[in-house]
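Comments concern the structure below.
Labels run A, B, C, D, E and F following the written order; every chain starts at residue 1.
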Amino acid sequence: MPEQNQRLLTIVCESMLESFLQEELPRLGASGYTVTDARGAGRHGRRGGAWTKESNIKFDIVCDAEVAQRVVEHINREYKQHYALVMYSTDATMHCV
Amino acid sequence: MSLEPVVLFFVLGLAAGLLRSDLKIPGSIYDALSIYLLLAIGLKGGVKLAEQATPGMLLDGVLIIGAAILIPLVAFPILRYLGKLKRADAASIAAHYGSVSVVTFSIGVAFLAQAAQEYEGYLIVFLVLLEVPALVIGVMLARYGAGKVRWGRMLHEVFFGKSIFLLLGGLIIGYVAGPEGIQPLDKVFFDLFKGALAIFLLEMGLVAAGRLADLRAHGLFLIGFGIVMPVVSASLGTVMGWALDLSVGGTMLLAALYASASYIAAPAAMRIAVPEANPGLSIGAALGVTFPFNILIGIPLYYWMAQTIHQTGA
Amino acid sequence: MSLEPVVLFFVLGLAAGLLRSDLKIPGSIYDALSIYLLLAIGLKGGVKLAEQATPGMLLDGVLIIGAAILIPLVAFPILRYLGKLKRADAASIAAHYGSVSVVTFSIGVAFLAQAAQEYEGYLIVFLVLLEVPALVIGVMLARYGAGKVRWGRMLHEVFFGKSIFLLLGGLIIGYVAGPEGIQPLDKVFFDLFKGALAIFLLEMGLVAAGRLADLRAHGLFLIGFGIVMPVVSASLGTVMGWALDLSVGGTMLLAALYASASYIAAPAAMRIAVPEANPGLSIGAALGVTFPFNILIGIPLYYWMAQTIHQTGA
Amino acid sequence: MSLEPVVLFFVLGLAAGLLRSDLKIPGSIYDALSIYLLLAIGLKGGVKLAEQATPGMLLDGVLIIGAAILIPLVAFPILRYLGKLKRADAASIAAHYGSVSVVTFSIGVAFLAQAAQEYEGYLIVFLVLLEVPALVIGVMLARYGAGKVRWGRMLHEVFFGKSIFLLLGGLIIGYVAGPEGIQPLDKVFFDLFKGALAIFLLEMGLVAAGRLADLRAHGLFLIGFGIVMPVVSASLGTVMGWALDLSVGGTMLLAALYASASYIAAPAAMRIAVPEANPGLSIGAALGVTFPFNILIGIPLYYWMAQTIHQTGA
Amino acid sequence: MPEQNQRLLTIVCESMLESFLQEELPRLGASGYTVTDARGAGRHGRRGGAWTKESNIKFDIVCDAEVAQRVVEHINREYKQHYALVMYSTDATMHCV
Amino acid sequence: MPEQNQRLLTIVCESMLESFLQEELPRLGASGYTVTDARGAGRHGRRGGAWTKESNIKFDIVCDAEVAQRVVEHINREYKQHYALVMYSTDATMHCV
């Protein structure tokens, strides 16, 4: 069973960024991503999720370290300043057939 | 001139939010109700348009839009120089107030129904037409020529965002199908409207309660602005309605349109085009102050204004 | 005295659950339906109250609540000493049975409508009033003086939890707006009630099917309790209704109220105040046994009891 | 023979999808609407059955099912040899086209109501009966004797999957309760049907727009198949309806049933029993091509066919 | 691009604990958290999520090891005994601008 | 506070596999699992989540390395070939009382 050492990069952000990231992630080299609906709190206060305008989404992206780096830089440049958003990553093993 | 009962649902939602009840309307139900309301209003407008459309309306339309453009242009300097807000915030709030609220309009219609007053049904079309110019002006005020604007993304969001898209879609279907074509859909789109509005207002109350916290942080200026600005805009609307020879009901609706501030289309568009503006301020003022003011006090007031100008003018 | 058709939807849901159908009602739809049902019942009660309220009801109310307090006090020793349940579990189950079920009550109302029987509409108020004392007694039985209780959190949950809050909110809106004020909302809140109840019962059947598994693990005692206890409570209700001179319909509804066990407000409150109680037991008995018993067999039985006592007594 | 207005909602959804509007119907609303539509159709069928059932129908039923089995048997070789599709894909698509679409049927019923045409209400039963044989044949074509099939899982999915289960449950409840028993539920299950169908079609348009992309990748053959196959099946249905002495309305409905392709039950069953088949192809053809074809062009066409055969035959 | 070594602490529990944790997490030192709706199974049996009373939520909290420790202890003390609940954590890198 | 070194195995797949995995995971030795609704994109294209047929689910399973290995092999054998599906895992600490 071949395995690959990868990064699992998670981005939690305002849900309005979903369509933008959907377009941009593949262009940055991500082979796939998973999105879930979320709510939460952080520097921008409570985002309760009751209302589209204050709900979050969570992107999980398994990719190699280089792509992860590229995605982080892209998002820091384009969105981090003005949008509610955090990014974190962990080591992960991708299990392939 | 008593309170519309549906407004009590807003008060109930507000109370739930402020008293920290665990009442929550699921996000998907909020979405479903807003899709329903937008479609229903669009259909109603389309049917009315099929019945009433005349070429003379075109000129009226241009004048109504022209006058509406004054609203963000008046709001901006007040916010920027009197309120000392950042340029981006002032521009974004101005855009919200230049734009319109579908729910405020609907409550105006319900108020007229209760008062047994006629109105010009085609005014629904302005729910669509008044949105775009205000948003474009807002972005231009924020940028003032400088700075890159994601115009493409923003205009796509405005025109193909769900609120304009469904209103317009409903208008077209209503117009094409006409009163008899729509009749089998009446049971859902017309008969249930008021009840659906009541439940939507319950949710609006919950959301508005959350917004009040945002406002508390930013002082009295915005609260004052959120009350005075709609009255100013409504006065303009009243004069316009009277000058264009609308009925008393139509005059009041035009005043309510001008007075209302958007909290669906405008926030989405501003978040894309002017992301450095703090959405807490604009949504806080529009939804936390102006919306409750309009539905609790504004609409009866604008009705009185419309009656007065028609009596005095006549 | 035939089966109410809406009850068939419960049976369908139960079958789906037991046959492992992939039928699932989304959680948000369940929430929306329960918000709707609570509001609708509250509104109906408020309108009735506006029409029927008299000072004499106050005394009736005190007596009805006083007798209801007996229910958890009788249930607790049975559960603790006959059933050999842990103190916390016995207390929590007693609280569930002292409290009431909105849906059972609604099916009682539907049953009366089908039988063309009148009833005292203001009884809806007891959906609110009977909840609190039972829950407080349940907590006191669990603690018996010792042990810290999160009273603040629990009472907040009871009063501002969505079920009491919406019932009460609906009552107030219905009372304030009165029959004519509510009339434009009738199409949603009254005409659709029965259909919405049918779909809610479908979901209740699905949930009850899942609860049966919990019960299987805990033997026959709880199943027996879940059938005998409501009949005992209903007998008390029947006598009270007759003594207070309620109509046959009102007597039956009071019996159904007493007989019903809560599965919305009580579980939430007990989870906070008596967390060491196993919710599988209380919800299993209330929802897996007593609820189906009440709607399938209990309500026709209580109706017969009400008729009998009124004929014999007269 | 004009367009049914509800169909315009499908076009609106399609436009929203293709123009990349951010309009989205929440998944839970889609689920709720499909539960509602299936139950409502089942109830209607059950009520009709209670009124119309005769022993003669049994033979008709056998003949209608027998003829329907021809559809996947004809479709398979076309897909496999003309379309050069893999065995699994050809078999899966054949199963989709042998099966039926509840929404297409509903639009046929709406069309007849608008045209004031009677029809045999018990035909609704075939929404249930035509599903199973086509799926079993599809699996057998895919396996051709060889290869392990998860028959148990698949048949469980077919019979207890939500679509058959709710249709059948509705049929039974409708049959047991009869017209008067169901009457208090009419306000929800019958009066709101058309409006709910409109909103469901809006969502179907959105989904169909997404499916078109899948198809683009697989060339013209499937698009041609998705248009020609329903016309062939409808012709068979027209002849059968006429031979069995159905009314013009009933003949048209049978044609629409044969012509329609499943996109709820069949995809789920095929995904389990023939997982190596690409669902993009079968759903793409059924939902992206045949469904729009049937509701926009097919139904008026099949109506004309039914009228013609009845006039010519008479 | 500055990075911070942190822990990603995940808490899966009965959804009724949401409002309690929302209040308590900031007091324990968490700068933010993300919540998603969940269902699952564990020692307390299946929690299918169909019904509020048996649905779960998942809290994700990125914080330093000390705060993670404090949160774990608080939850073990206050809730672990009587509520359906699991907690697990991994190393994570927070990507800041 | 006792802690256990475990693996956190995540499976993202078509939602129709939920009932199958629900049955199989306990049999493979998992003591519990958490499920959330998801959408995403990968080798099988966009799965937008709007429609049951194209929505995903995400299973999170905290278990020891051996169980993780067994689950991965089972899924590779039974489902990986024909279904939209990815699996990845990270080291995780389970916090027990």
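Remarks
Basically, a contact is a pair of C-beta atoms (placed from the backbone, for glycine too) under 8 Å apart; a residue touches a chain by one contact, two chains touch by 3 or more.
What you see is a predicted model; the values in this text were computed from it and never measured.
Following the contact convention of this document, A, C is the list of chains adjacent to both chain B and chain E. Chain centre most remote from that of chain C: A (centre = mean of CA atoms). Of all chains, the one whose mean C-alpha position sits at the greatest distance from that of chain B is F.
Chain centres here are Cα averages; for chain C and chain D they lie 42 Å apart. Centre to centre, using the average C-alpha position, chain B and chain F are separated by 46 Å.
Contact of a single residue of chain D with at least two other chains is seen at positions 22, 24-28, 31, 192, 268. Counting partner chains per residue, chain A has residues 36-37, 46, 49, 81, 90-91 touching two or more of them.
Two chains count as a pair here when they touch; such pairs are A-B, A-E, A-F, B-C, B-D, C-D, C-E, D-F, E-F. Only residues 5-6, 8-9, 12, 15-16, 19-29, 110, 113-114, 191-192, 194-196, 198-199, 202 of chain D touch chain B when the two sit together in their complex. Contact residues on chain D toward chain C in their complex (touch as defined above): 26-28, 31-32, 35-36, 39, 156-157, 160-162, 165-166, 169, 172-173, 176-177, 181-182, 184-185, 187-189, 192, 268. Residues 14, 16, 37, 45-46, 48-55, 79, 81-83 of chain F are the ones that touch chain D when the two sit in their complex. Of all the residues in chain F, the ones that touch chain E in their complex are 1, 6, 8, 22, 26, 31-37, 60, 62, 90-95, 97. Here chain F touches chain A in the complex through residues 10, 12, 36-43, 46, 49, 56, 58, 72-73, 76, 80-81, 86-91, going by the rule given at the top.
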